[in-house]
Amino acid sequence: MRPRVPTGIHGLDELIGGGFEKGKAYLVTGETGTGKTIFSLQFLLNGISKGEPGIYATMDQNPQHIIEDGASLGWNIEKYIDSEEFIFLDATPQLKSEESSFNYGSFFSELNTYTRILGGRRVVLDPIVPFAGRYKKYIDIRENVRKIIKTFESNSCTTLITTEIPPGSQSLSTLGVEELFVHGIIVLGLQEQANRFSRTLLVRKMRGTEIELSYQTFTIKPKEGIIITGPLIYE
Amino acid sequence: MRPRVPTGIHGLDELIGGGFEKGKAYLVTGETGTGKTIFSLQFLLNGISKGEPGIYATMDQNPQHIIEDGASLGWNIEKYIDSEEFIFLDATPQLKSEESSFNYGSFFSELNTYTRILGGRRVVLDPIVPFAGRYKKYIDIRENVRKIIKTFESNSCTTLITTEIPPGSQSLSTLGVEELFVHGIIVLGLQEQANRFSRTLLVRKMRGTEIELSYQTFTIKPKEGIIITGPLIYE
Amino acid sequence: MRPRVPTGIHGLDELIGGGFEKGKAYLVTGETGTGKTIFSLQFLLNGISKGEPGIYATMDQNPQHIIEDGASLGWNIEKYIDSEEFIFLDATPQLKSEESSFNYGSFFSELNTYTRILGGRRVVLDPIVPFAGRYKKYIDIRENVRKIIKTFESNSCTTLITTEIPPGSQSLSTLGVEELFVHGIIVLGLQEQANRFSRTLLVRKMRGTEIELSYQTFTIKPKEGIIITGPLIYE
Amino acid sequence: MRPRVPTGIHGLDELIGGGFEKGKAYLVTGETGTGKTIFSLQFLLNGISKGEPGIYATMDQNPQHIIEDGASLGWNIEKYIDSEEFIFLDATPQLKSEESSFNYGSFFSELNTYTRILGGRRVVLDPIVPFAGRYKKYIDIRENVRKIIKTFESNSCTTLITTEIPPGSQSLSTLGVEELFVHGIIVLGLQEQANRFSRTLLVRKMRGTEIELSYQTFTIKPKEGIIITGPLIYE
Amino acid sequence: MRPRVPTGIHGLDELIGGGFEKGKAYLVTGETGTGKTIFSLQFLLNGISKGEPGIYATMDQNPQHIIEDGASLGWNIEKYIDSEEFIFLDATPQLKSEESSFNYGSFFSELNTYTRILGGRRVVLDPIVPFAGRYKKYIDIRENVRKIIKTFESNSCTTLITTEIPPGSQSLSTLGVEELFVHGIIVLGLQEQANRFSRTLLVRKMRGTEIELSYQTFTIKPKEGIIITGPLIYE
Amino acid sequence: MRPRVPTGIHGLDELIGGGFEKGKAYLVTGETGTGKTIFSLQFLLNGISKGEPGIYATMDQNPQHIIEDGASLGWNIEKYIDSEEFIFLDATPQLKSEESSFNYGSFFSELNTYTRILGGRRVVLDPIVPFAGRYKKYIDIRENVRKIIKTFESNSCTTLITTEIPPGSQSLSTLGVEELFVHGIIVLGLQEQANRFSRTLLVRKMRGTEIELSYQTFTIKPKEGIIITGPLIYE
């Protein structure tokens, strides 16, 4: 049995057999504004608190904004960037501006370097879409997502990938394939009951682990971040 | 923590931690006729009332009509145009008529100039679609929207972008990507109950801010504009 | 404030602040058979009864049929055609038969000429689709609709445009963009309750005007045409 | 006012002001198996019983099968074909087998000849799709349908066109445009209530005519054909 | 009136005026696993029991599997193949492996030969899709299906064609056109009521025949095959 | 009658006449995370426990992960790999990286070799999509799936194929054709009742076998794997 990596989300490890399996990839998915970036930060900061540096790789997100979003929750990400425990990897420069091609080789070699030298054991890819969606055919997008996830796993990273559920869709992802190659899927959502929205979390898939299949509600608190508060109750 | 910029919408600042964060981009979305342009004007005029000039950039809207729509609410936009506090930036001339190409460079350089020289701190882009929708592939439209928003943020503008929800759709935008790169999303709508329509506002996402997740109703009053009147009640 | 132009629809002006705003464009939309052409004729004939000639521009409709449809309601359109108060402008000859290209220049120059010389102040474009739908890309159709409406407005015409809602769709138009550039939208419909259909009218959007947001029922009577009979009541 | 042409459908003329308007085009639409061909035959045979020959133009239907379907209802179509009162016009030979092009000129010239020489006053086109659907772009299919209908009308034929509603769709036609250019629309259907299907007829649109807007039920009886039995009652 | 051919399905002939009309084509449609192949076999075996050989043409199905499926119901198809009463016609060899083109000429000439020499009077095409779906444009697929059915009818075969309804769709066929050219349509299905599935049969269309329009339930019994057990009752 | 191969799923053989038919292909389908891989492993291990080696062919799955997923259920797959009873066949090397072409010949020749030499009698293809989805046209994908299944059957393998149902879809497969060529279909799912999810299994199709058509619930237990616990009860 592989060792488990705690997720850092209060109340989640109990639901998934103690945490994520070390060296495997997990998907955090949900519509816009459901808490995917907070989940990702909490996961990395949990590792740092245990002396384990982490990498936050992105192609969309403004580092300064991530830092500020963390700050609004009382998290001092800047400090960990300075101490090289939180490694922000911005892939935007590898994107050639005119055409929609992307220098994967260069980006992943940089990612590999960091993973090895700095001992980064947790990796976040938030979101995966701009890396994987540059193909036309379903089968090529599918293959591309598979390769990206395989690259992370072959580096023994415990990896958290995010993707966006288009509003109103019943799909689990933007490209329709992100869910196929990961070891587990966590769906974040908003459910309305009579004009009251609850934030919900569902462990939708977790290979090799017995899971509790029901929607959990959660709140977001300063310093703590996401705290699971128990199963959703229908009124 | 960044300073907050009041939205000018009566009752909204209380719901979003005091206003928008300075220098970030927000999306106001909704079906046609739900109040997006009134929201945008109210936001700019609030700035002007505090001595802060603003820019209203568009490619679709007739300046004279905007002025008249304001006048119908008792707002004297013309006066502020004369005093160069309300800067109307019409991008239509940069659009080459025959092909669907657009001279972005020229438009954004003009926008930059105004932003710097006149000290424009609030910017409205109403709507973003004609600037961003000139590509075929999802990934290119996505990239283009990201660049436009990044340009505004790198100029430290507090930016309000509008987009249209196609009638009957559960999406949050015309292109399906406008919501991904903004700091917050405000959804305007119409909800019918037994042939009575209520105007509604939902703060759908607000990074770094604890929000009240419920539909608010609002009215539009002369001089005042949009006034939030409390949570929607289902009958 | 712009002067208001009465719509000619009995009971409508009261719902929209006295009529349409002079020189602006409005959309009348609805599924086939909901009364869009009757609405259009009634609008033009109201102008003629006030000594104001009007133009009815089309690319689809057979002039003789329009005359007969009017006659079935007791309207003598032929008389007004003879007196050059009702100007029927058929754009079909400008349509090249083999390819789907259309000589816009020639049509709009003819339209301009009539508008100026004959003092035509009200214009109907019934429907806009064959003029605007000759492009493949969403952004080009969008741009084209914008230009057509702008042309009318720059000639100070109070313009009524019609478009068709595909049966069963929740959209507001055939092309999905006609609603974006107009000053107001009136939706005509049929609502069934236990095998009784009511004809309904909804003022969906009316810039610069406080409106009553509820479905109105209407009947069609000889001589009078469309008469609004009050709000729809759900049984 | 144009003279009215009786439809031949028992109970229908009363609902539409005495019959179809002479020289105009009408659409009979419905899912497969709802009675469109019986409706068409009944319309032509009604004319023949009044000494008025009719044309049945098709590209799909086997003449022998049409004759037999009529025979199963006790209608002797063969007799009228021999007497040249029922003119069966099969357009299949004009269809070039290899490519999907069709010799419209040849077919319509043959149609014209028959219309003039034999005094054919009623025409059926059952169905219109194979004549009109040979284009890719919406705007071209739309234009093509318009031209076909115009051709019939310019020959003063009272024309009945059929089209198919795809099962489960809320559309009114196969191509989505057949309904736009006709003077009236009759929708045939099947409605299930607790495993009992009723055959229904709805007059959906009838220009220049006040109509009863409600679903009618009908039965099909030997010799008589379609007989309207009164409004549908919901149980 | 054409003679009727019994269907072999217990209880069906009574619902459709005595059987299928000789020399015409019928469609048996339904989702996967609803009994289309059993229906087809039962139809052919009924003919054989009356001394009338039949042809089973396919491009997908493994002859050995068909034999075994029959055997599981106690039907000895092999015996009839040996006696040349059950003619299995496998079109797979006519399919060129590399490209998706198919040698129609060769297949239909073989089919013609068998039909004439062996006196085959009943033909099954199970399913029609791989023969007809090799085109891109709707109008070409439509034309192709029409030609295949016409070929069978011109050979005076009483023909049973099967097609697949995509799961969850309200359509009647895979290609959306199979239903247009046949003389009758029988829909097989599964209806769930509180986790009990009933097998259902609906005669959806039957030209020239008065039919009972309601869902029938059926069971599948050894030796007997499909037995209609009466109308479906909603609980 | 063919001999039956036990499925290994506790409680399933009773529902399908004793097991799968030897030498035929079956589809296990369901959304992500519904138990398809556990089903596949259980099927192969059941064979091994009876002295019958099996092949697990894939193009997506990491062998190490499959081993670990089995280990988490207490299954020692590694031992059977060493004893060459569990043959893991990874097709990834046959996939050319740059283009989306795949060396089918090489893969299937390897598969054939193993099937013959090692006496592999049970084969799993988990999932079929990357092997079959490399075409654009529906008819080509359809043909390709047919060929793959035929290859297995001509080798007398009892074959289990998996495919993915896109979340929220009513389809039975990713490509829409996997279900057409198999002998039986088993649908795995998750059904929610008031925030309690049940794992369900439905035998949707089983040629030549009388089946119980109702949703069964199941649990997943260490050592045992999937255990059917009885019909789903709606609350």
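Some notes on this structure:
By written order: A, B, C, D, E and F. Residues from 1 in each chain.
Methods note: a residue touches a chain if its C-beta (ideal position, glycine included) is under 8 Å from a C-beta of that chain, and two chains touch if they have at least 3 such contacts.
Keep in mind that this is a model prediction, so the values were computed, not measured.
Shared contact partners of chain B and chain F comprise A. Fewest steps needed to get from chain B to chain C, stepping only to touching chains, is 1.
Under half of the residue numbers found at the chain A and chain B interface occur in both copies, marking it as a different-residue contact.
Averaged Cα coordinates give chain B a centre that lies 52 Å from the centre of chain D. Here the CA centre of chain A is 30 Å from the CA centre of chain F. Residues of chain C in contact with two or more other chains: 169. In terms of inter-chain touching, the protein chains here make up one closed cycle, each touching precisely two others. The touching chains form a single ring; listed from chain D in the chain E direction they are D, E, F, A, B, C. The touching residues of chain A, counted against chain B in their complex, run 32-33, 37, 60, 62, 65, 68-69, 71-73, 95, 100, 129-130, 133-134, 136, 164, 166-169, 190, 194-197, 199, 220. On the chain E side of its complex with chain D, the touching residues are 1-2, 21, 24, 137-140, 142-143, 146, 150, 153, 169-172, 176, 179-181, 183, 185, 204-210, 213-215, 231-234.
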